[in-house]
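Structures for review follow.
Each of the two complexes below includes chain A, the first together with chain B, the second together with chain C.
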Partner chain A sequence: MIAFDFEYYRPESIQETIEIFQKLDQKKKKVCFFSGGTEFITFARVHQVHADSVIDLKGIPECTALEGKENDLIFGASVHLNQLIEANLFPLLSQNLRNIADHTSRNKITLGGNLNSRLMYREGMLPLLVADAKVTMYGIEGHETHPITQVFGKQSSLKHGQFLTQISIDGSFAKMPYLAIKRTRISKIGYPIVSIAALVKDEKLRIAFSGICEYPFRSRKIEDILNDKGLPVHERIDKAVSCIPGPMIDDRHASGQYRKFVLQNVLEEAMEFLEG
Partner chain B sequence: MSENQIRSSVGKPEQRIDTVEKAAGTLRYIGDYTVPGLLHAKLATSTYAHAKIKSIDTKDAWAVKGVRAIVTGDMFPYHIGPILADRPPLAYEKVRYYGEPVAIVVADQEHQAKKAANKIKVDYEPLPVVNSVKQAFQSDAPVIHENLGQYTKIISNVYPQAGSNIGSHIKIRKGDFISAWESCETTVTANFSFNLSDHAALETRSARVEINPAGKVVIHSCTQSPFTIKKVLNQFFNIEVGNIIVHTPMLGGAFGGKGTVQLEPLAYLASVAVGGKLVKLDYDREEDMITAPCHIGLDATIKLGADKNGKLLAGQYTFLIDSGAYTDQAAGITRAMALDCTGPYHIENVWCDSYCMYTNHPYATSFRGYGHPELTFAVERTMDMLAKKLNLDPIDLRIKNAIKPGHTSPTQAVITANNIGDAKQCIIRAKELINWDEGIKQETGKNKIRTKGISLFWKTSTTATNAQSGAVLTFEADGSVNLNTAAIELGQGAKTILAQIVAEKLGMDIKKVHVTMELNTQYDPHQWRTVASSTTYLAGRAVVAAADDAIKQLKKTASIVLQCSEDDLDLGGGRVFLRPNPEYGVEIKDIALGYKFPNGHSIEGQVIGRGKYIQRHLTPMDKETGFGKPGPWWSVGAQAVEVEWNTKDYTYKILKAVNVLDGGTIINPATATQQMRGGMYLGLSFASHESFCFDENGVVLNPQLRDYQMIRFGEHPEYIVDFIESPAADGPFGARGIGEYGVIGMAGALGNALTAAAEADLNHLPLTPELIWIAKKGTNQ
Partner chain C sequence: MLSNKMGKTLVNIHVNGDTREAVIRSADTLLQTLRDELGLTGAKRACQNGDCGACTVLINGEPMHSCLCLTIEMQDKMITTIEGLTDTPLQRAFVDKWAIQCGFCTPGFIINAHALIEKHPDADDQTIDEWMSSNLCRCTGYQEIKEAIKTVLTDTDAV
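Then we have the complex of A and B:
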C-alpha cells in the first residue's frame, strides 16, 4: 500500500491541467503526472517515489487520441498499450508493445508513461526512434513539438511542469517491412536483455536498441555498418556490436558477455530480415 | 477396511469440496478481515545483511498520527526456534539478514503504521558479510552466531558447532565407505549448487492476535501448524497452553512456508504493547518473500562408485545447506537430506555429511519436498554422469540399482514389501509415457533439437516420532455427518480426501459429509502439523477409526430398536439394516441423535465418533552413524521431461513433463493428479527460473515479483501423470502420502534433458540460457 497521503486531480482539458499545476507549484507541492499509474503505484508503495499531488492525464481528450490524420498517425500519450495494439495503426509498434510487461499490466501502461519510465528500458521508444517520431508537449510556456530524440535521449528533457500529450509519425512508416525482437533472461515476460525494433526504408535497415546500455537508442553509425553491403554479414555484426554508444549492461539479468552473445544472435536475425 | 468391495467414494474423482467458495471469490482468507477497533502492525526491517544495532531512534515514527506502540528487540531479547532456539523474533543487538524484522509499529490504520515504520532510524555498524555457504564453511569466516554453543536444542537430532557457522552437522556412516571406494572400478565426482529461492504462495502471510482480559491469547493465522504456535507461545513466552487458542481458515497456498512460526510471536508482542487489543500484522509481498523464511540454497558434492557392470558400491554425499541467518526447519531438512541421501538406490556403503550452514541470507524453512528436490537434483545428475561413463542407458542403470524389500536405507532402516512403493514399475511406466525408446535426442528443425531426461526419486515423511492425528464425527438430525479434524486445507484437497473416507465407511453420499473448513485448537482434536505429505496417512487413519467408532454406536442403538444382535447389522444408503434381511432396518437419521420410542422413551443419545492415530516405532537418528527409523514409509516415483532446445541461442521450451508415482492407494485420482501437476510446475519453475540474487553485501536485489521470475501460465508443459498403486497395509484404504512428490524429480529430469541437449554438464540452478551458455563455454575451453 502507498503509505502517504496525496491529492488527486483529474483535469478535462490541457488548459485546466496547466492551471492546476501552476497553483500546486506555487504552493511548493511536489506534483507527479500519471496516466496508467503502474510505475507510480508500484514505486510509491516501496517508498521509492513520493508526491504531494498527482495529476491524472487520462481525462484530456488530446491525450487519448488515436487516429490517422492526413498523412500522420497520432498516438495520444495516455492511450494504454492494449488499445494501441488492438488498433494496430502501426504494426511495428503493436508488435513491440506486445513484448512489454504482461497483458494485465498493458491494460494500464500507456505509451507516454513508458517513455517517461524511471527504468532504463523504455521499449516503447524503439519503433518511434526508427519512424522519426515527433512528440508534442504542453506546459506553462505553451506547447512545443520536437523530434523524439531531442526530448527523450539519455534522459528526459521535459521541463518542469511539462507533460506529453501526443506522439506522431508519418503514416508511410506504418507500411514498411518491420521486425521486433525481445530476449529476456528466461521466459517471454521480463525485462529485456536485448530488445530491438527495425524497419526497412529505401532498402536500408533502421534499427533501435533497448536493454544493452543504459538508455534506448538508435545509432546512425551502427546502421551504416549494418547496411554496408561491402562487408560480409558476420563482420558487420562484430563491428556494430563494438560501436554501441555506452558500456554493455552487466547485471543480474545477464552478464555483459552473455548479453553480447545474445545481441550477436539478434543482429543475425535482423540481417536475415534485411536480406529477405 | 473394505478393500475387497466395490468402492463408492474412495478411488473416485469426487469434486473438491473447497472449490465452490474459492472459485466464486467469496472465501474469506485470513487477511480479509476487519472489525471496528482493529489495530494494524507493520514491520521495520533491516537494510543490512550483517550489522550491529547501535541504536534505534523512534522519535519521528512516534510523531506519525495514529501510532499506538512501537516494539523493539530489547522488549523480548530471547531466542526461539523449532529445532535450535537461535532466533530472536525481533533482531536484538545485531541483524543477520537483509529484511530481518527490527521493530514493529502498531497504529490505528495500516498506512499510518507503514508510514511510521519507514521513519524508524536504525544506526547500524556494518559487519563483514558471509555471502555463500562455501564462504561460511571456511575456518576463517566471520562467525554469525557468537553464542551458538549456548542455544537450547528443542529436539535431539541437532548438532551445532560452537565457534563456526555450522548450525547442525548430521552424519551417516553406513558400511565401510573408505574401503569400498578403493574397490570401485568406475567413479564419478561432481559438484552442484543453487541459491535460495521463495515459496511465492498466492496468499501473503497474515496473523492477528488478541489477549482478552481473562488472559486468553486468541490467534488467527494462515498457518500449517496451529498446535505448534501454542507450543512456541507456551515454551518461550510462558503462557499456559490451555490459554492459547489458534484459529486457522483455509490457506491460499503454503508449500511449507507457513509451517513455521514467525508472524504470531510478532503479532503477540504487538498486542501486548497495546494492552491486549486486537492487532493484525500483514506482510507486504516483499516481506513475504524475504522477511518470512524462504527456500534453502545448496552446495553439494557427490561421489558415486560402481563396479564395471554399474552396480553401485559406495556413495559419499557432502551437503552444505544455505540455511540463511537462522536454522529454523533447515536444520530438519539437513537431517532429511542425510537420511535419504542415496536416493532410491541400494548402496551398502554410505558416507554423508550434511551441514546446516549459517549465512547472512534470509533464513530458510521447509519447502515442499523437504530437502528431497534438492538432493534429487544432485543425485540424479550424478547418476546420468555415471551412466555416461559406463556407457549404460540411464534408465537401465537406475533399474539395476533400484532399492527393494530386504535392502536398507542410509539410516539402516529395513525396506519391506509394505513400507515402500515400486520404483522399478514407476520408471518402466515413465519410460513408456515419455517414449524413451524413440531415442533421447531428436533433431526437429533448424537449430532445434528435442531431448529427454529422467529421474527416479523417493521420500519418507520424517514427522516427529509422536506425530498424531485425531478426528471427531457428529451427526445432524437428517443423518448427515460433520467431520472435525485439525488437518488444514492448503489447496491440496485434504478435506475432500477425508470426506471421501467418511462417505466410504458410512456408506453415504459425499454431499452428506460436512467437513469443518476452519480450525479451532480449542475443540479440534490434536493434530501434528499439516506438512510432510503425512495428512492423508495420519488424519486418514484417525478418520477411519472415528468412522468405525460411529458405526459401532449406530449399530448398538439400531440393535436395541431392531431387537437383534449388533453383529448381524450393516450400514448403507443412509440406513442400518439386518444383513440377512435388508428390508428390516432403521434410518440413520432416526438413531444418530438417539432413538425415541412411540411411547416417548428415549435411548442411547447422539453418536459421537472418535478416532486417533499415532506414528509407530519411529526413532531419532544416532549422532555418529545416523542409525534409526525416522519415517514410516517411502513413496517413490519416476519423472521425465522432454525439452526442445535451440542450439544457436540456447533458449528452450519444456514440452512434456511425466510423473509416475507410487503412493499406495489413490483415494481421489483427480485431486492426486492435480497435486502432481502443481508439484511438477513448482519443481520446474524452481529449476529453470527462480532464484534470489544478492549483491556483494548480501542485499537481496529481487525481493519482488517484478523481477523474481517464475514460469507463467502458457509456458508450462503438457503434464502426463500416472500412478502405480502398491497398497500400504497400514494406510487408510492402503494410501501412503503423495502431496509433495510432484516437485521432487523435476530439477533432476530437466537438468538431465538439457545436459543431453547441450552436451555440457549442467549442475547448477536455475537453468537459464545464460547458465547453459556458460557451461558450454567451459566445455569448449
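Then we have the complex of A and C:
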C-alpha cells in the first residue's frame, strides 16, 4: 500500500489543469502529474516518490488523441501502449512498444509516462528519435512545441508545472522500412541489455539505442559510420560501437563487455535486415 | 472534474454488474479496495508491482493489474473480478485440463484468458503467449493452462 495520502484531481481540459496546478503550487504543495501511474504507484509504495497532490492527465482530450492530421501522426501522451500498438499508425513504434513490459501492464503504461520515466531505459523514445518527433507541452507560460531531443535528452527538461500533451511525427516515417530489436538477459519480459529501433530514410539508416548507456540516444556520428558503404559491415559495426556517447552500462543485468558483444550482434542483424 | 481531497471518502464502484460503496483514500489501490473494502478476495495480493498478474481484473473488458490502479481513477469504469465469472467454458476447461495446482495464480490467469478469448476468439499461439506472459505460475503449470485456453478457443471456432 502507499503509506502517504494525497489529493487527486482529474481535470477535463488543459486550462483546468493549469489552473489547478497554479492553485496547488501557490499553497506550496508538491504536485505530480499522473498519466498511466504505474511508475508513480510502484515508486510511492516503496517511498521513492512523494506527492501532496496528483493531477491525472487522462481526462484531457488532447492527451488521449490518436490520429492522422494532415501529414502528421499525433500520439496523445496519455494513450496507453496497447492502444498505440493496436492502432498501428506507426509500425516501428508498434513493434518497439510490444517489447516494453507485458501485455497487461501495457493497458496502463502510457507513452508520455514512458518518456518521463525515472528509469534509464525509456524505450518508447527510440522510434520517436529516428522519426524526428516533436513534443507539445503546456504549462503556466503557455504551450511549446520542440524537437524531442531538446526536451527528453539525457534527462527530462520539462519546466516546473509543465506537462506533456502530445507527440507528433511526419506521417511519411510510417511508410519506411523499419526494425526494432530487444535483447534481455533471460525471459522476453525484462529490462533491455540492448534495444534498438531503426528505419531507412532516403537509403540511409537511422538508428536509436537504449540499454547501452544511461540514457536512450541517437547518434549522427554512429549513423554516418554505419552508412559508409565504402567499409565492410563488420568494420562499420566495430567503429560504431566504439563511438557510444557514454560509458557502457555494467550492472547485474549484464556486464559492459557482454552488452558490447550483444550490441555487435544486434547491429549485424539490423544491417542485414535493412540493407538486404 | 473528478477530485478527492486528503482523507477518506465514500465512492461508488461498479463491480461485477453491481454498484457498491467503498470508503477509500486517494492513495488506495484498486486491489486494496476490492479485497479489504468489498471482500472480493479473488484478486490476489502477491508482488504488488505489476509483475506477477495474480491481481488481474478486467476494467471495461481489458485486463489490468489492480495493484497498479488507484481506486479513485476507476470510479467511472466497469470492473470485473474473478467472482464475476461463474461456470464459464474457460473455468470448466481449467478443471478438465488440470490447469490448477495450488490455485493462487488461477484467478489472474482466468481473467486474462477470458479477456483474450473475448477479444481474439481466433487467437494463435503467438497471441496467446503474448497475453499469458503477463501472468506467472510458481507451480509452473503453464502447459496445462495453455491447453485449457486452446480448448476453449477451438470450441469457439467450432461454434
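Keep this in mind: the second predicted complex is superposed on the first by the 276 of 276 C-alpha atoms of A that agree within 3 Å, B and C clash if a C-alpha of one lies under 4 Å from a C-alpha of the other, contacts with A are read in each partner's own complex, and residues count from 1 in each chain.
Simple rule for what comes next: a contact is a pair of C-beta atoms (placed from the backbone, for glycine too) under 8 Å apart; a residue touches a chain by one contact, two chains touch by 3 or more.
Just so it is clear, the structure is predicted and the values come from calculations on it, not from any experiment.
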On the A-aligned overlay, A:Ile189 touches which partner chain: chain B = first, chain C = second, or both, or neither? both
Of the two partner chains, chain B (first) and chain C (second), which one does A:Asp228 touch, if any: first, second, both, or neither? neither
When the two structures are overlaid on chain A, which partner does A:Glu141 contact: first (chain B), second (chain C), both, or neither? neither
Given the touch rule stated above, what does A:Val262 touch, chain B (first), chain C (second), both, or neither? first
Touch check for A:Glu67: first (chain B), second (chain C), both, or neither? neither
Would you check which partner chain A:Asp170 touches, where first means chain B only, second means chain C only, and both and neither mean what they say? neither
In the overlay, answer first, second, both or neither for which of chain B and chain C A:Arg45 touches. both
With both structures fitted on chain A, tell me whether chain B or chain C touches more of chain A's residues. C
Have a look at where A:Phe4 lands relative to chain B and chain C in the superposition and call it first, second, both or neither. both
In the overlaid three-chain picture, which partner chain does A:Asp250 touch, first (chain B) or second (chain C), both, or neither? neither
In chain A, both chain B and chain C touch residues 1-4, 42, 45, 102, 187-189
Parts of chain C lying in touch with chain A, wherever the complex brings them together: 1-7, 25-29, 32, 48-50, 53, 56, 59, 62-65, 67-70, 72-73, 112, 130-131, 133-135
In the complex of these two chains, what residues of chain A are touching chain C? 1-12, 16, 20, 37-38, 41-42, 44-45, 54, 56, 58-59, 82, 98, 101-105, 107-108, 187-189
List of chain B residues in touch with chain A within their complex: 110-112, 114-115, 118, 284, 286, 648-649, 651, 688-689, 693, 701-702, 704, 706-707, 709, 711-712, 714-715, 766, 768-770, 773-774
So, in the complex, the side of chain A touching chain B is made of residues 1-4, 42, 45-47, 102, 183, 185-191, 252-255, 258, 261-262, 265
